[in-house]
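In this document, chain identifiers A, B and C correspond to the written order of the chains, with residue numbering beginning at 1 in each.
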Amino acid sequence: MQSESYPIIKLFVGVACTVGLYSVLYRETKFYRFFEHMFLGLAAGWAMFALWGETLKSTWWDRMVGSVADEGNPAVPGYWAWALLLPIGVMAYFVVSKKHNWISRIPIGIILGLWSGQQVQVWFTRYGPQMQSSMKPLFPTTWSEFITPLQPEAGAVYPAQVIGNLIFLLTLLSAMSYFLFSFETKSKLFNGMTTWGRWLLMIGFGAIFGSTVMTRFTLMIDRMYFVFIEFFQQGLIPLIGGR
Amino acid sequence: MANEKTIWEKLQAIDRRVLYTLLMVIATVSLFFKVNVPTKPGQPTKDLYRLLVDDEALPEGSTVILQSDWTQSTRGESAGQMEALLRILMRRNIKFALLSVADPQAPLVARNVIRAINLERKAKNQREYQVWEDYVNLGYFPNAEGTSNAIAANFKTAVAGRKETPPGSATPLDVFQSPVLSKVSKVEDVPVYINVTGSKTSNILIERLGGRVPFAALVTGVMGPETLNYYQSGQVKGVAIGLNGVAEMESLMEKGLVETGKPEVKSFAGETNYGRGMAYYLALHTCLVLMIVAVVVGNVAMVAARKKK
Amino acid sequence: MEAGWRHAVIPWLAQAPAAPALNMWNAPAGTPEIWMKVGIAMLAGFGLLAALIAAPTRLRRPISGAFIFLAGLFWVLVFLFPKPIDSQTPHEQRPRGFVQDVSFWLADAIPVVSNFSNILTAFILGLGVFSLVRIHLMRVAKKQNDWPFSVVLLVSMVAMATFGYWDWKTRLDLGGAKVDEAWPLAAYGKDLLFDGMLQVMEAAMFSLIAFFILSAAYRAFRIRSVEATILLCAALIAMLNLMGAVVVTWDGMIESFGKDNAFVMNFTLSSVAGFIRDNLQTPGIRAIDFGIGLGALAMGLRLWLSLERVGGN
């Protein structure tokens, strides 16, 4: 059974850690550095445990040695070939050797090879539907109304929609030309397109900025909620006899 | 005093600590006001709500795969999303298989949210969601790319060996013996694959699942614009973005969804619908106003100072 | 010959069946046979390592290139080779023939090969922890500047790793439910360090950016050029659109001018923001994404074919 006073102690420790890290907003002091190093240490310690407890034990060790039958679970044989991965993993540690550090590139190379082999497949599943959806109708199918009505006819393409689609295409092509033709060119068309591309990209970046601000502010609001609502209002005040 | 700064120059150089204090105070004070701020849900959130609540898209009692890839570092946005999602799933008796690929801490964090929503249901005399019967926790799978590939290729093999303890039993059993996964062997067997994420795992899933199963995402604001790209191309069927998305979801749960030319989607009026999203939404408004005011003040002061020169 | 191919090669790595039959690639758990096979495999692996150490310099590049190529070849084959009809088909009911066998083998091996990078990444991540410990131990031993902070780091790390492992072992031995009921010391230690401190500090670290972003926007977001002005206007509209109260009020005001007028309704904040999102923001991001995708594809091919400078020299 968990001790009754433990939740408030835990909250208090959490608030102290938050205040410690937030002190950097005033200035980088020794108080802040204490908490900063504690944070780094805890994160590294968790990584040390997680490497075995959450990764290697289940995905490597258990598969290599298998498991015996117990109530309701059949026996699973071990596959000895997994053992070969240990020497390959050890190769990474040769990075500290001046003479043989080239060996450390093998495990990294295998990971890169596995990544690169997937790129062809990934490219088509990721970008195929996007290319398809970028092919938008550029000619109206109806002139009954210029602006898209509030209840549009099913399947109809209105002139205003076409203008929107043209802007979509212009943005896509000019932004792509800004990226793909980043070398110097004397073509007025390309130069004009890349300038347009830069301007239109700014609109995208503006929207990304707005969305990012939302996330960052929300995370800060959440911390204020943790300190002032969860700790003070719901934890501390009832404890000292408040409402 | 030739060097004395004008008011416009001073307004261009407000001390950062003044801004920090203002932001902190404004956010904190706003949190003490319990206001249900009005919302106008966007189409991506409406589509997500329809996908989760409409019986044709997700039949009552079916099983979904729920990939929870967030930890406390994005609690502000992701926790509200997870809570709203679980409330909907539990009210519709949707079973779920929970897994995580982004962080070893993620399954534990997700379990805590399930526990909190269960407590909320218990307080209302509603049926608590039971592990094994209603959901199974498949745990953490390292390497998002590799795991997503494996899941897309063969779900049953990808999660083979994962066990869960049925209630009243001391021995963990294979998850595929549970009522949750007894009829699932590949991703195509579930009507929806849902990802609540604080990182880029939704993109990885889009790449790897390759349209095998309708995919829904609840992402942070940072990932929002990129995810909308996939939403527009139909690779994501519905998406809730950041805190705004949570507030919109909560509002839809309270009021339901009526759209021209589409069947009406029911509400959950009378239940606890407004949660963390609405608790933070006013504070988000005030903080954004502060941001806008700060930028406007800086620009006005710059223009005025230039004119004076 | 054909039967030999099926029985010897197909089960290799393809550990798909729920109750796999015993073959040369496996052995029953807990028996001396599996330990012996594992031991021999490790010896063979370390033998290979010894051979690599002794390898002449001119072979280094081809050796690392071969590893990369073979690792990538699997996924390229998965993409290019005909797909099996249904990878869920039980082994004994599968169609027979070389192409079918290979396609089933590839499909079955995906979850196994996917684990390779997980495991190797885990081994390599250990290197990061090793470096961190080495640097901070040296700082303490040499009493360099701010060495007490290194002590804080090392103590926190050891405490977290110890309690993390202890709690995990207790849960394995007793069962998670019993640990949650009894709350032994291991559970307290792990919960306080992980949930009470690490998670909270992680959230605090991430949230600090809010303050910096406000200060930076106030200082740098100035309308000094066309680009900056466009960026500012787009950001302003995006931020206004994130405020439900503003959207509802603005849209309500527009609706009062003509709720049934399609032209007027184009000026609601949600319509303006939606237009920007659909026709300017999405294609802009899509263009960036295409650029990144093409770069990744090109880089992938260069790495796979050892055209990039990764191999030994």
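Keep in mind that, in the parts below, contacts are C-beta pairs under 8 Å (C-beta built on N, C-alpha and C of every residue); 3 or more make two chains touch, one makes a residue touch a chain.
On a predicted model such as this, the values are computed, not experimentally measured, just so you know.
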Most remote chain, CA-based centroid, reference being chain A: B
Chain nearest the overall C-alpha centroid of the shown protein atoms: A
Averaged-CA centre spacing for the pair chain C and chain A, given as whole angstrom: 9
Centroid distance [mean C-alpha coordinates] between chain C and chain B, Å: 20
Centre-to-centre distance between chain B and chain A (centres being mean Cα positions), rounded to whole Å: 14
Interface hub residues of chain B, defined as touching at least two other chains: 20, 23, 73-76, 105, 141-142, 145-146, 149, 172, 225, 229, 232, 242, 244, 284, 287-288, 291
Residues within chain A bordering two or more other chains: 25, 46, 50, 53, 55, 59, 63, 76, 114-115, 118, 122, 126, 130, 134, 204, 207-208, 211-214, 217, 219-220, 222-223
Shared-contact residues (touching 2 or more other chains) in chain C: 15, 18, 115-118, 121-122, 194-195, 200, 202-203, 205-207, 210-211, 217, 232, 236, 239, 242, 277-278, 281-282, 285-286, 289
Touch list for chain B against partner chain A, complex: 17, 20, 23-24, 27-28, 30-32, 73-77, 79, 104-105, 139-142, 145-146, 149, 161, 163, 171-174, 177, 203, 206-211, 220-222, 224-225, 229-230, 232-235, 241-244, 260-261, 279-280, 283-284, 287-288, 291
Touch list for chain C against partner chain B, complex: 15-16, 18, 87-88, 107-108, 110-111, 114-118, 121-122, 175-177, 194-195, 199-200, 202-203, 205-207, 210-211, 214-215, 217-219, 221-223, 232, 236, 239-240, 242-248, 251, 270, 274, 277-278, 281-282, 285-286, 289
Residues of chain A touching chain B in the complex: 25-26, 46, 50, 53-55, 58-59, 62-63, 70-73, 76, 114-115, 118, 122, 125-126, 129-130, 132-134, 151, 154, 204, 207-208, 211-215, 217-225, 228-229
Residues of chain B that touch chain C when the two form their complex: 14, 16, 19-20, 23, 37-40, 42-43, 71-76, 105, 108-109, 141-143, 145-147, 149-150, 153-154, 156-158, 160, 165, 170, 172, 185-186, 225-226, 228-229, 232, 242, 244, 247-248, 251, 281, 284-285, 287-292, 294-295, 297-299, 302-303
